Amino acid sequence: FVKSVFGKDGMTSVRFAMVGGGGGAFIGPIHRMAAALSGNCELVAGAFSRDAHNSQATGVQLGLDPHRCHAGWETLLSDEAARPEGQRAQFVAIVAPNAVHAPAAIAAMEAGFDVLLEKPLADGLSAARAIAQAAQRTGRLVGVTHPYIAYPMALQARAMVAKGELGAVRRVAVSYIQGWLGASEDEGGKQAAWRLDPAQAGPAGAFGDIGSHAFNLVETLTGETIVRLSADLRATLEGRRLDDDGAALFALSGGGKGTLIASQVCAGEANGLSIAIWGEKASLHWAQQEPNALRLLSRGKPEQVWRAGSDQAWLEEAVRTGCRTPGGHPEGFIEAFANIYRDFSDTVAGRTVAMPAFAPIEAGLRCMAFVDAAIASSSADGRWHWVAVHNG
Amino acid sequence: FVKSVFGKDGMTSVRFAMVGGGGGAFIGPIHRMAAALSGNCELVAGAFSRDAHNSQATGVQLGLDPHRCHAGWETLLSDEAARPEGQRAQFVAIVAPNAVHAPAAIAAMEAGFDVLLEKPLADGLSAARAIAQAAQRTGRLVGVTHPYIAYPMALQARAMVAKGELGAVRRVAVSYIQGWLGASEDEGGKQAAWRLDPAQAGPAGAFGDIGSHAFNLVETLTGETIVRLSADLRATLEGRRLDDDGAALFALSGGGKGTLIASQVCAGEANGLSIAIWGEKASLHWAQQEPNALRLLSRGKPEQVWRAGSDQAWLEEAVRTGCRTPGGHPEGFIEAFANIYRDFSDTVAGRTVAMPAFAPIEAGLRCMAFVDAAIASSSADGRWHWVAVHNG
Amino acid sequence: FVKSVFGKDGMTSVRFAMVGGGGGAFIGPIHRMAAALSGNCELVAGAFSRDAHNSQATGVQLGLDPHRCHAGWETLLSDEAARPEGQRAQFVAIVAPNAVHAPAAIAAMEAGFDVLLEKPLADGLSAARAIAQAAQRTGRLVGVTHPYIAYPMALQARAMVAKGELGAVRRVAVSYIQGWLGASEDEGGKQAAWRLDPAQAGPAGAFGDIGSHAFNLVETLTGETIVRLSADLRATLEGRRLDDDGAALFALSGGGKGTLIASQVCAGEANGLSIAIWGEKASLHWAQQEPNALRLLSRGKPEQVWRAGSDQAWLEEAVRTGCRTPGGHPEGFIEAFANIYRDFSDTVAGRTVAMPAFAPIEAGLRCMAFVDAAIASSSADGRWHWVAVHNG
Amino acid sequence: FVKSVFGKDGMTSVRFAMVGGGGGAFIGPIHRMAAALSGNCELVAGAFSRDAHNSQATGVQLGLDPHRCHAGWETLLSDEAARPEGQRAQFVAIVAPNAVHAPAAIAAMEAGFDVLLEKPLADGLSAARAIAQAAQRTGRLVGVTHPYIAYPMALQARAMVAKGELGAVRRVAVSYIQGWLGASEDEGGKQAAWRLDPAQAGPAGAFGDIGSHAFNLVETLTGETIVRLSADLRATLEGRRLDDDGAALFALSGGGKGTLIASQVCAGEANGLSIAIWGEKASLHWAQQEPNALRLLSRGKPEQVWRAGSDQAWLEEAVRTGCRTPGGHPEGFIEAFANIYRDFSDTVAGRTVAMPAFAPIEAGLRCMAFVDAAIASSSADGRWHWVAVHNG
């Protein structure tokens, strides 16, 4: 019913289906809250769980037609594809475990659906490339959800760098610090278990889980690529097989340098993602835990603090429309996530989006290449490695 | 479709209708975003505008059945009342101009609906009392939306004071500072026009519009009543007939003292609501613009900063369930507003709510009494006046 | 030996004597550290205590000639006056109990010395007026130490208001919140004892001790006078005879309004003096506990944060010379106090000071009038009282 | 005259001489202000400049006996050594250019004086070792001034780590970011010129100048040594021969890892030194630009903010005595520097100091070894290098 809480007049709501996100999941409800806030899309079908009962129950609780709630993405796709054009889902959001991403996404594209994927793109670089190739082959749109680039003030930072307000970027410091895996007694929970298991999480732990967000934030905000890095990863707690802590030095395509830290074993830290971008003429500081402020330090001028708000005339237009409320009404993580759904739905519907809040498939591929390069460098005593995305 | 984005298993979604909030309104969309996020209620009907076309268009865009979109609350109420029990709206949310509140709310209650009212309760104390009497007569539930008390850390502050962690409250300072009416060129907008017109806004300007939020925040967080006050209100800009700036000294029922400032003419301020509650054993500081932190200053101990998050074990249980995400994922104004819809819907459905995020009708009445007392004191050269709510 | 740590080339150090500040005193050492940092004055004599042994011991420890250490200000003054011009003290700093201020200051002026007085000017309005009359009669300079106006960023705020950068001042909020007298067990200490005793402290408690600093900060930074006020003072703890907590509404000479809070019974607070000055075009926020930052909120522009530092080109020249170090090297309370000694010494030596960091005698008189008006208003149920300084 | 502004009863002031710091110098006046505030030492002689007139003028302005003001440290030392014991300097503070450090310090020790050296210890590792050998040979005390470890809350952090309150240190992030050498037009000033010239500054630029402070802060606060590092240094601006920007990954002796950033080309930054120490049980955040607060994040508890103040009972005793004022009276850079003079003078006088604020000679040597290792690693494409201090 809220398909247009935030919509523009005359705009048609975009229909989507969800793979994953059944009862007990964490990220599924976040996606649904985001879609609800987006104001321009509507969940119409789902394969929420391999467990038929769970999938039905989830869908019914969400008010869906029980006939559109399936136990597998295979039947979901065939059923939706068979429905009339004005009724069937226009895109598929995939929030299932990483191993499901590639088969489901590829099948969805082949069945004619655009795809929005929860990060990471896939459970390995080859699977990710297969998704990319399918996208190219089918011409379908693929988006990846990196919510931290979708905050209004992160979009503003990106615009300011792009417009040259910082001059050349000289140095970047990004860190993503958590503490929730800091002790052995933390290892029991559902969220922890799969992240600590190489079979489910892939080759990287903290660097894959949160380091990739930090990496993507750097590349998105600077508009440059990280071309080389020297990394030092480790499993801090005894018995762990994946990195839970690490750092890297890196070089940007424009000549700047940087540092990246990702850790999940730092006592007392919650979700401490922050970035500084230091330039020739000005510098920016932004911290996800206080997302509505962006500090601007300029050569020879007093410091400024730019704040989010639909009425803050000095913000980029695309940033202001990404704010649901005027200045002084804080927005947060769910609103940022909702910007992803809004922009992805608009793009699916053929509407132009100035500065999309979702990450393109290339960004998803680069995150995976980053993780591989970091592991390679760390295994080679810090030798610098190229962050390269090879096609095919 | 998102009626259960946040819901508990097996919970039935609560149906509601909306009066007001048609195309062009500000607060209507906020209410709808809040309801969408709440996860336990569903908009099913509306009288969004006196203009039939606008009301239909709004409702259709929201995905409603066109037969349930009306040009007036009268037909909305009769139509809904005639529908079968499992289909008809269970409560009516009123976001129309203040003068509509009393007639619509009273009629709704008499037709068997509970009522959620955008603040203020009514356009004057006698209308407000009529609502209260109708509530008593019909036994219906009335809630008022004061979103600032619905933030998790405001709820936490309220719980801490209630549990005696501050000891006796000695002093309170609350201020609500805005700048958007600071110049004569600000007077043209739609939001400004009715607020500056005594015929539409009632006897008070800034004190009614935002001072009442500050007042309610004090009474809700301290759990005490403001019994007396000495106020100094004024219209700062030439030609204004209502206060746009003012302050008051006040006395609390428990013996503490306080100050309250409300202004809409302070250059550069956005939505600066903040409160300090100083006690015998400890003190609290909270600011709406950084709502996820609550500072606790204790006698003889280092300062603490309590932060929101569903996983912060030291928070009250009712506060943790008011957080949609774990620590470090900021939530904001819309999430606070969503807590109101969630708690009101739960109460309508007969579920117990430990510390409701919506304000009861008594709070709405007291806000109006506060405004009257402030005007009386200010007109009498600051002579102290009792803030009394007389029945009938 | 440090008479020129901070001095200008060729500048002669100004000699001064001290009355009070013997072993065990709190404020005496602060004055001496400030003088040491000032770089342009030198302690040469003292009557540090009525106890001859204490006075001698203090002076000797400070490296003074024992013949210039006296048991009373009477012999100090006569001895110094008898010394040759190039040797004798040029001013007397009085840090003795309040009752000593008037007799010592008047005698010093009559003996030809300028006088720097620790706040408050005297132990009552009539004694204060006697000092003022003596100053007028003798033509000597009198300064009062209000250190909070001597911080670089307070000076900057004062300059910005004076230059019209805020437009008309509309509202001011100043509060000075402490917690160190919050419980009965706090009453034993030396600092507490005299402040709680009307015979030693005068008619006011917290309002005299710290409210006067807040008052002076308002008048100095706005460049206006507080013309009327309505106050509410009280002794919170049982058995106290003087106010330990209170607040006032006030009116400024330029038409603006304000609130002032002073309390010493707020648990967990240290030395919380802060001020907001809201104007027509821009507003300022400053907090003594983070003194090196000044927030500037302007209509229609991003917020700015101005920071202290001798190299911050956008600061007023008088502010930059009040900074001993370049930006990013924090300065604090003692440095602010040192600015008082520096400016007073420069003025004594006949050098022009653009924006003196010491308060003039008029400010000292006004502080006392403020306290009297606050007590009168509070005793009359908040009736507004004029803050008037009557001569003679 | 202020030799005892802060002193303990009966304490004798310690006499010292200064080499360097004549008219026009930057750091000399800071040392003298620090000594003035320390309260337990007294400048009695100096060789302030090779220019006899400058040295005399400086000394006279400081109130010294002209016979104790010399044009060279050689005559200063012989003259002082010849004076009677109760009169002659007890230590020599060397604030002259780096190349002077070793000859002056060694000669001073051989003449029987203790030595306090402005950082860095010397203009190269071999000169530094010669100082260390002289210290060992003569048994004299050598201190180095690293003011950032001398802040009360840095001392508190050090104590908390030492007492095990963080558990094992897992990760450290330290960064020292400035912007004052960010453009070619910044290169003209006196401070800039010698730092950009390898002949005067030695082999490193930013890493030597400020990276060494960051390094020392890590080692002092953790109580561990940085054993290995991988560094990436560069000269950002065209034509520069020394690094003006760089970063390193490092490993601590206790098994933790870390990152260090030092840059002088980041637009808008003043003196941004900050550190985070993340542990197994708790973590600390401290920033030099807000030095009076120390954030403590603990596993499973609300965040705390510890603040400086002589009356904050929960601080270490050595930290409280390092505060000149009670809580809420900010102290800054000069006060931190004064703690160095106080502790060094106390040690010279044979008094025990619990947690000295000055750095020992070993720390000075390690800083130089750090710079050498960083350059070596950076030249070898980031290969990890040991930070080793080899004797002799």
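For clarity, chains are labelled A, B, C and D in written order, and residue numbers in each chain start from 1.
We take it that a residue touches a chain if its C-beta (ideal position, glycine included) is under 8 Å from a C-beta of that chain, and two chains touch if they have at least 3 such contacts.
Everything quoted here is computed from the prediction, not taken from an experiment.
The chain pair A-C and the chain pair A-D differ in C-beta contact count, and the higher one is A-D.
Chain centres here are Cα means. That of chain A falls 44 Å from that of chain D.
Distance from the chain C centre to the chain D centre is 34 Å, each centre being the mean of its Cα atoms.
Once the centre of each chain is set as its mean CA position, chain A and chain C turn out to be 55 Å apart. Along chain C, residues 269, 296, 301, 303, 307 each make contact with two or more other chains.
Taken chain by chain, the contacts link every pair, so each chain touches all the others. Per the touch definition, chain B reaches chain C in the complex via residues 166-167, 170-171, 173, 175, 177, 179, 182-183, 230, 232, 234, 236, 245-249, 257-259, 261, 263, 265-269, 276, 278-283, 296-299, 301, 303, 381-384. Note for the complex: chain B touches chain D at residues 296, 300-307, 312-314.
Touching chain A in their complex are the following residues of chain B: 1-7, 9-11, 13, 23, 29-30, 32-33, 35-37, 39, 42-44, 57, 61-64, 178, 269-272, 288-292, 307, 309, 324-335.
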